[in-house]
């Protein structure tokens, strides 16, 4: 098996080194917490709900790239594809609490759920209120009636965007939770992959895919999706993905949506644009209006080739928070 | 029956061998998960070995809790929470226990299992480490009058059998969940780990009982 | 040879389809010119110098992703890795001219030079003044005394950023040219690659690289660089690249620079951050101050794995233009 | 000597065969460039074939200029500018020319070469199509009294030899420039194209002269 070539030092240090690199790129705005792999704002705006995001590493720029103005206040980072341990989450929680409590936003995976839950119990022991919004946008990962079993993929970005906005203007944990959960409930995504990423420590691809096949419903860790199909044209593929996404919420005539075409790793921007062309046609045919379009690499699985489509249905309240400017290393809205 | 010192040595033996098992566990997770289980378990038990080497424990509860906290803090992921919770939970009712025997082991497995079930909400049959842990716990009651070395051998065998049975299960939790029927034929990586932990415990007990 | 899997329709239509996708993503702000592969702003601010950028396709988001507010007014797009033909450039030039002339900014390649020159001669025949700034930032591609033979790589982004800013506030082609050429003269870059990209039409990688080797000085088209070396650690690699870049301008103690770590395609954001960590250390040791850091996928070579480092030395004038907000699909500054 | 109709047919023959040569040219460009030369030339000559099929030309100048404009507009890249300029430049002094012979061909090559040199500033020895074009131009003067079929055969051979010589040259322009000594041993893709154009012209003349 061909192992992957990466530009690294000791693969065991990838997380601490990437935190250093990100902190350097922030020009003092983001600092690492001593002893644990968590990054937080150096200056916390006062009297706000703390917004902590996090999860396994290897999905960069998710999560730490989304810390910033009107975005998250900090990120707890696990090893590659492994949820952060409770002590990391707790350390970050303590730093972010301003007395108004801390909102956790992360992807819905067994590991993340358990570790963040353990941390929130520990936080409560220290009199810090925590509320949690788990992102479960991946329509391919469980049926709608088991929505809370779905995993979180690129929809993370929109939920974090809204959470960042509301938690910057509200000092009320309940309100921040309400709006963020509402955003989560309005988001749907689906991904596909045509080739695997690899974990830096082993260099081996996380799955094998024949040369002429595509994995439908691929998750963010290279854990397999729901089915394997023969390669097909971009247009056909998008049509199938959009049918599944639109039927799910469902998205209907007259709805307004924010659209995200997310690169899972090494897919070219050219392909993403070709995908967007078809998505646009499908939505036009369905009389769904696109409120905003975001295209790029936001939630990745190392160098996996593939992409996902995310839509968030927006109303006036969500638009208000969506429209607020935001400034982080990986997502800027002016 | 093992003294506290020997018990610690047993878990150092387990730790070393879990580190050695990195590749097997990673391969198992590649088949139906995200391929990092071996990396995580190796990182965790490397930390456990270091921790135990530098500390002595007065009772079994402190030892197990220390293992649990170390695993939880160093593995991360589902396995960190699950195996951390297993050891931490297993420590709960062993505060006065100053040696290791089959009764203590049985209590550890019962409390550990309960804690894991509460934390992760998985049940037997969901294709998790519980499917290796639960039969071992059941067996521990059945074999409670046997000598430790035999009892633990039988428990490891029950765990192995449970692990084998996970091949016929469809995952309903963790990263293998979306695989559906495609998870058939592969054992659950965490169940493999659970079996190996018991197997390595038996190996040590066998060695010192000779 | 393994051919690459891409999410495409007919590979012959990639350029027109990606233009459609980008136009859709702009929500009416960018439109295609009839019959030719060029994208321009639908509403041109009046009384400004027109800024036209362009080059071969396949480097997305470069060039069309950089059209926007205080960025370029339009992009002329060639086929994959092929400079746009003169008629495309001329059509865009005519649309962008407001009587103040048009500034061309593009990478310094024989094909681009010849085609843009032919177009500018044709424009002059139609009484449109054109000035040209060719970007030649790649220190690996020719010695300093032959700087005008160097090729343009990711430094394009900084030069376009400055050109976009100055051409939005100045109606004077000479002034826009002066500032843009100054930016170009202050920019230096260097790239490396660890694996090849592929041209959509053939699916074949554009070069072969042994599993344990790295190409130093890689260009933006997969055309080979200056040397091949054994794989090395990120830190060692960065050190070597930085030595070459810093010696060239040279960048000295007390200088201030804008820094760009650019993904050539499928390198992970994790790796870019690890690279940035070391760049930061090297610059700190040299007492060079970093004015701003940009990290991401801006100038790519399809799915090539590799990255480049770009530095622009800034003074008060360049900082003034750099600091102006900018808004395009692929580069936003708030 | 060819009539205008036959001359057009000759360039249609050249076009078809250039399209067929796509892979050879792409391979040549992969070795020392960016691997798209064949794709571009195929796209260009496909357009030329279409263009010529739908139009008749009164004189050689119009025909060559039309080929040049079509190549320039459809290939893009260095090759579009260079081969477009070559045909457009070659048309310059053939306004009154209503048939194709060795003299006309020689004028075409001279003017074409001059235009290419002015446009791209490359000189013989820089490892470009000029290194195939220039020897063919020189040969065209030498063979000006031979029958067209022999003259053009000799010119194609001179171009081939020139193309072969590019293997020993280090590129100083275009995308092979940074290769330095690594460009040794490989012919210049544009020189291969230039040779093939003459070779396919000869093929056609040979066929109709039989």
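Each chain gets a letter, A, B, C and D, in the order it is written, and its residues are counted from 1.
Here, a contact is a pair of C-beta atoms (placed from the backbone, for glycine too) under 8 Å apart; a residue touches a chain by one contact, two chains touch by 3 or more.
Since the structure is predicted, the reported quantities are computational estimates derived from the model, not experimental observations.
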| item | value |
| --- | --- |
| Intersection of the contact lists for subunit A and subunit D | C |
| Furthest chain, CA centroid comparison against subunit B | D |
| Distance between chain centroids, defined by C-alpha means - subunit C, subunit D (Å) | 32 |
| Centroid spacing, where centroids are CA-atom means, of subunit A and subunit C in whole angstrom | 28 |
| Approximate Å spacing (C-alpha centroids) for the pair subunit B, subunit D | 74 |
| Junction residues of subunit D, two or more chains touched | none |
| Residues of subunit A engaged with two or more neighbouring chains | none |
| Topology of the chain contact graph, where touching chains are joined (line, ring, star, complete, other) | line |
| Sites on subunit C touched by subunit D in the complex | 56, 78-88, 109-111, 114-115, 117-118, 140-142, 149, 151, 199, 201-202, 204, 206-207, 217, 219, 221-226 |
| Subunit C partner contacts - residues on subunit A that touch it in the complex | 2-3, 5-9, 14, 17-22, 24-27, 57-58, 60-61, 65, 192, 194-195, 200, 211, 214, 231, 233-235, 237, 265-277, 280, 290, 292-293, 295-297, 300, 302-303, 305, 307, 325, 327, 329-330, 332-334 |
| Subunit A-touching residues of subunit B, taken from the complex the two chains share | 26, 30, 32-36, 39-40, 43, 72-82, 85, 119-120, 173-180, 182 |
